[in-house]
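Below you'll find the structures, each written out as structure tokens.
Here chain A shows up in two complexes: once beside chain B, once beside chain C.
Coming up: the complex of A and B.
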């Protein structure tokens, strides 16, 4: 399994996750796809194989964990405020 | 060029300016009425004394080197072109400066009595002093640019003084009319100056003072502009400026309306100062005009026509000041006739005598108006010789002087002009001039008879004017009576030292004189007879149409209104205001961008629909595009 394979897996995963992010209706699913995208980036970093990139990968775990925490907290607040988690129904950002 | 440096000249100008500053800045509250009048008059008197001292020094110089100069500083310096703020005092400016300061001083003293109790007393004297300052700058200027400063300055002051009682809408608009009409002429003057300096610069002459211009003017004869000789075009443009200032056809219309100002102002503007500016300018630039005989012909014809035309209008005016206004236009026409015939000194001579007797007549009219508490209608006067004996006698002097009674000042100067015109070969112009002399005698006699002789027709109480008004008039009356006799030889010896004393009179001179005197006397006699009520009514009824046309001043104002003012107003309102200003500038260029950005905001606001998934999609597309661009 070469670097290229790993990179290919990473890109494929990213593309799938991005597609999922765009098509998922629920905010929870969108958050999960977001995590997947981060993981895809992580794979790419590991695949580079340099010590620095592997250190970045560890940092990214931490960021992903923090992001998941903040994201879940936001989602819970939204859920209590709007009684729904469908992205299409929350239009607070309308200009 | 620095010869004869003479530092006194600037003080001739400084005195009225100081008077203006004192009266204008301290004004009524700090200075009060009495001190303001004294300062205003004193300033002009000081100026007069300085001018007289300069004259004494000028006379000590040899006759063909009579020139004093005073350069203040270099005014404009652009490359090799330079203009100094400089003044000159030669015979011509000396005569003008003395007339301006002398007559103005008398008018200032008179004003102190006439304007007593007016709310704008100090403002009035401030304007008056400023006016004299600019007039002196005009006559003492050493180059046409300084002259132009004075030229514009008197225009400004005439606006301020004519519209002095600005609360009255009609008077305020008379001031505007004077100013705007003058601006039309000034445009011609300015164009002439530009052309002159441009053409001379092309010939390598970069200095504008009169001595240099005189020396280099012949260079221009070889230049052709717009199909005519450069001197001709320049002279015509400058003359157009003169028709504005000196109220010649077709720009004379402002002068009759300018009677809206206080009467001493009329005397000042229309006798001694502003209106003489054009005549002075021609005399000053005579070296240019002699190069352009065609332009001189235009001057002659314009002067001749204006003299006759205005005299005819003056015949039937009802307002005492309007008669004098048209008379002024007519007399200025004489001066231009003389200039057109090449007799510039004769025109300055008439300028001087006219300054005396016309100032006297205006001041007399002012005295009558003052005595009748503002009545200006001749038909409501009559019999004033009993109530106003001094004014009656003084006006009689002015009347006889302007009517051309032999021995008085108007006779000498007018006769000289007619003689010169005849010698010049303008037999027709001479004929018109003689007829005009008759008309002049007629309308002044009519004015005098209607105001002072016969019986009272109006009911208003009349009283004699105070001494501060009659004394200056007495001085002017003496000048009007004796000025012509005293000046007739001395002035010419002074102005044209090179010319031979005219011992050999033209053979026909005596006959010409007899004819014009006869015309004058006929005019007087006719006026005495025709102002009898029965004769006047008979004439009015038999020639009703003529009467109407003349009475309405040949409808020139109406014609201007129809031909110039209405199209101009229409153009200004419809095209310039509604289309260009409101439509193009306001509508398109100012409001347009505002509306465009507003509409763009509206359109872009639709994109912000608040849907997170769409935002994400757009974001993703953006990222994809960026990737595409990078890879």
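Coming up: the complex of A and C.
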């Protein structure tokens, strides 16, 4: 097994999550796939196998948590204003 | 040998859960599939000798972040979530774009084929990680606290505005 195989696992997960992000209609679902994309990036970091890469992965965890918190707050605010969770139905910026 | 098998098993499980999530219309079931993918990733970290990260993955991703998603799904009325399946052309375009991303990434990383991955099970202690986080990476680590503070303020500001509007 080489580093290429480990990178391939991470890239496959990233591509699958990206496909989900691009095809999802609902905002919550899009954020879920965004988290999975971040998770795949984290796997690539951990696969490097050095303690420094693991330290960076710990920092990415914190970023992911912050992103989920703000993202869901934004989505709930948008959903209340527009009465929908569909990204395609949110067309006005002046809310 | 067993570590290599574990890496492929957990990686494959995570990929399978993500793939099933793509075709799952029910949002709660999709969230549970995401949980499966995140737990499989925790197993992958364990196989990659990142014990602390495996525990953090279960606590933070599978615990805290998943709870956030489930709460977000329960506080929004079901009527807002009901929708027809996306148009076929959009699905095909999305999948094609993802396939291009995958092909490009794999093509770019062919140089990694020459780099062997050391797959001996080892212990990465918390002390070693803590020394790194509070030593060479202390600036990034402190900067992270600012990011989290900003996200807390942002989330509270957004939701309190909503409470006033109601």
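Just so we're on the same page, the second predicted complex is superposed on the first by the 90 of 95 C-alpha atoms of A that agree within 3 Å, B and C clash if a C-alpha of one lies under 4 Å from a C-alpha of the other, contacts with A are read in each partner's own complex, and residues count from 1 in each chain.
By our rule, a residue touches a chain if its C-beta (ideal position, glycine included) is under 8 Å from a C-beta of that chain, and two chains touch if they have at least 3 such contacts.
A quick note: this is a predicted structure, and the numbers were derived from the prediction, not measured.
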Partner chain(s) touched by A:5 [first = chain B, second = chain C, both, neither]: second
So, does A:29 touch the first partner chain B, the second partner chain C, both, or neither? second
For A:18, decide between first (touching chain B), second (touching chain C), both and neither. both
Is A:87 touching anything from chain B or chain C once the two structures are fitted on A? First, second, both or neither. first
Looking at A:64, would you say it contacts chain B, chain C, both, or neither? Reply first, second, both or neither. second
So which one touches more of the residues on chain A, chain B or chain C? C
Chain A residues where the chain B and chain C footprints coincide 18, 21-22, 25
Quick one: in the complex, what on chain A touches chain B? 18, 21-22, 25, 27, 30, 87-88, 90-95
Given the complex, residues on chain C that touch chain A span 4, 7-8, 11, 14-15, 18-19, 21-22, 27, 30-31, 34, 37-38, 41, 44-45, 48-50, 52-53, 56-57, 60-61, 64-65, 68-69, 71-73, 75-76, 80-81, 83, 86, 90-91, 93-95, 97-99, 101-102, 105-106, 109-110, 112-119, 124, 128-129, 132-133, 136-137, 140-141, 144, 147-148, 150-152, 154-155, 158-159, 161-162, 165-166
Which bits of chain B are touching chain A when the two form their complex? 605, 607-613, 615-617, 620
Chain A contacts chain C in the complex at 1-9, 11-26, 28-29, 31-33, 35-36, 39, 42-43, 46-47, 49, 51-52, 54-59, 61-70, 72-77, 79-80, 83-86
